[in-house]
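Next come two complexes, and both contain chain A; in the first it sits with chain B, in the second with chain C.
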Partner chain A sequence: MKIMKEAMAGSLESSDCLIMVKPSEKLEIEIESIVQKRYGKQIRAAIEETLDEMGITSGYYKVQDKGAIDYCLRARVQTVTRRGCEEQ
Partner chain B sequence: MIGRSALFIPASSPSMINASIAFRADTLIFDLEDAVSIGEKDAARDLLDGALGQIEKKNLFIRINPLSSAFWRADIELFLKSGSQGIVLPKATPGDVKSVSEIIKQSNREISVVPLIETARGVEEITDIIQCSPLVSGILFGAEDYCLSMGVKRTKEGREIAYARARLANAAHAYGIEAMDTPFTNADDAEGLNKDAVLAKSLGFSGKAAINPRQIDVINKTFSVEAAELEQALRIIRAMEEAEKSGKGVFSLDRQMIDAPIAQRARKLIKRAQIWGEMSC
Partner chain C sequence: MMFLKLMDIRLDVKTQREMLKGFLAEFGLLLDEDVEESIGLYDGKELVAVCCRSGKVLKGFAVRNSYREHNLTSSLVSEMIRRLFDKRIYKSFVFTRQKYKEKFESLGYRFIGQGGSAVLLETGLNGVDEYIARLKEQRSEGTVNGSIIMNCNPFTLGHRYLIKQAKSMCEVLFIIIVEEDSSLFPFSVRKQLIIEGIKDIPDIKVVDGGDYTISSATFPGYFFKKENDRIYSEAALDVNLFIKYTAPALNISKRFAGSEPFDYVTSVYNNVMRENLVKSGIEFIEIERLKSDDRYISATEVRKKICAGDFNSLHKLVPESTLNFIMSPEGEKISEKIIHKYRLLGEC
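Entry: the complex of A and B
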């Protein structure tokens, strides 16, 4: 799978996260989180793990986290990645 | 078994999904249909897929999109993967129930199909809908869309849905399945909800759907077995056991003749009280 276009998934509501993706030569993940200090590492790990499972090696991901728990983060990554991979 | 209360949870809302574990509804219905906009169906399925593996609760149902939509097959795939107990089928027709039952029975696990009856035609076809699959364990009435299909205004008093309610409750009893009443849509009107639930119970409904967690306690209370009713049922069964020992088929208790139908009703009532934790035995 390869990111072909810009896409978004999720929301800025509490317990959710908004993820934007766009094509890029390398894999870049930028995270802003209300719980960055405490859970920043786990958030990044969950995102990287999900992308690895989906076979994604490139793309620019911007994650705005509003306290999403693990399953929600992973679900939003899956949705935005599939949307970004769809043909225009 | 759906139980006394069934709460709709929007499958697109992480905060509602996270909170759902604390709600005291007998059944949770995760909604992929009306609560999710067309453009967010994929996201809601991903979210629910992740969430359902983490929710430890007995009665989890999924309301899929109607078979007339482009989304229902993906919804069913998620349902089969999820291990949920039941599927709620909107705007159900006999053909829809049959098609869905054929697909999900291959999963080899115990699954309930609950057709949502929300059209004038659905009400008229209720016996076919119930009979077309052994997986149908209950029916759910949806009054908002039903009124739309009838071209009538939905009112708080509900005179316009009296026929549909009576017909559906009667059909459910005729075939020994559960009948869930339509949600009461004003979440801030507890008194109105209580009246509506009492009316539904008096018509023969076994429970009621809810659209807000605040409605659950009122619904559970209304559809629970009353203490006096339970005590009387236990007395009937004890007296019946005594009568059977002495070889009597019919006997009297408090000067009232007790025969098989009354004993059967008492047994049903006791079973219901046991299931929903209203008695310790």
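Entry: the complex of A and C
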């Protein structure tokens, strides 16, 4: 699968995250989190792992995390990726 | 846990529009005439929070005091971002007062500039960094670079004269075209007519203005001309963005503008440029407009002639390329639009 178009998933509500994607030649993940200091590394690892499982190697991901738990984050990553991979 | 319902406030329904106006007035806010869409959060039947949208700009945020701790702004912003994505608009701006800057920064918005007490923030994909990167592709090193920002609705001999005058005072001239499509001649046509009208003049680069030079985000008052005190802060915001992003990206040291004898908004804009550019080390040069038969040539004049069906004297105001376009089938369609609009305004 490959990100073919712009897409978004999630929200800016507390305990959620909002993720936007757009096509890009390489894989770029930009993360902004209210718990960056404490969980920044884990958040990145969870996103990279999810993308790896889905076979995504390119695309620009912009993640705005409002304290989402691991499962929520992974679900949002999956959803936005599927939306971004759909036919135009 | 509170259960609030999110609903559209229908601006075309008079009672709802009045209710929204009343709600905003409680917070000292006005409902701008360019607002296209408005959403509200209701607690039962009571409206407790609203957000308005004009193009990709979110404004008119208000949350009732007793609901402030519930962070309703994030629900409103999330919904608007979602709606914009559905319209294939992947970024949004917030135009707000200085004191709310941090609130929106906490929602992922990035501060990009200010003017007076107004601040502009943005979020989403393709922000100001992409704009700068795109400009830098056209950058010219080791030359004296000037710039002139133009709408050209449509391109006239007056524009050509300004460009030639400006070009005589610098080595490379950037013509930055207002990209916002709220003029009668669409952006693609305005751009094409500029390119054709100046093709014999060397060392001119034509640049798209994007969202950051006289757009509905930076300078809404330019498109909805009104004499009010907001014009000043909007003009200052626009000029500040030019100083902060456009000028350094293109290596610009001079900015030119035509003198403005008629239009209030443009004359305020010229004054703001004169005050602010010099402070930032950019020279500001106002050039007196070209006259034809003792009258200043302006695009407004051209549109008025089209409206009056006076095509015979148009060649005194526009170059051949513009005239050919106006007489083409595509140009005729635009002429019809002009006539329609001016009749509605009672100016034709």
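One rule holds in what follows: the second predicted complex is superposed on the first by the 88 of 88 C-alpha atoms of A that agree within 3 Å, B and C clash if a C-alpha of one lies under 4 Å from a C-alpha of the other, contacts with A are read in each partner's own complex, and residues count from 1 in each chain.
As a convention for this text, a residue touches a chain if its C-beta (ideal position, glycine included) is under 8 Å from a C-beta of that chain, and two chains touch if they have at least 3 such contacts.
Quick caveat: nothing in here was measured; it's all calculated off a predicted structure.
Applying the stated contact rule after C-alpha superposition, one finds that A:A68 touches chain B and leaves chain C untouched. By the touch criterion defined above, A:R82 reaches chain B but does not reach chain C. Of the two partner chains placed around the shared chain by superposition, chain C is the only one that A:K22 touches, whereas chain B remains out of contact.
In the superposed model, A:E13 lies in contact with both chain B and chain C.
When both complexes are aligned on chain A by C-alpha atoms, chain A residues 13-14 touch chain B in the first and chain C in the second. Within the complex formed with chain B, the chain A residues making contact are 9-10, 13-16, 68-72, 74-76, 78-79, 82-83. Taken together, the chain C residues at the contact with chain A in this complex read 71, 74-75, 77-78, 81-82, 85, 88, 90, 107-108, 124-126. In the complex of the two chains, the chain A residues touching chain C come out as 6-8, 11-14, 18, 20, 22, 32, 60, 62, 64, 66. Chain B contributes residues 13-15, 18, 42-43, 46-47, 49-51, 53-54 to its touches with chain A in the complex.
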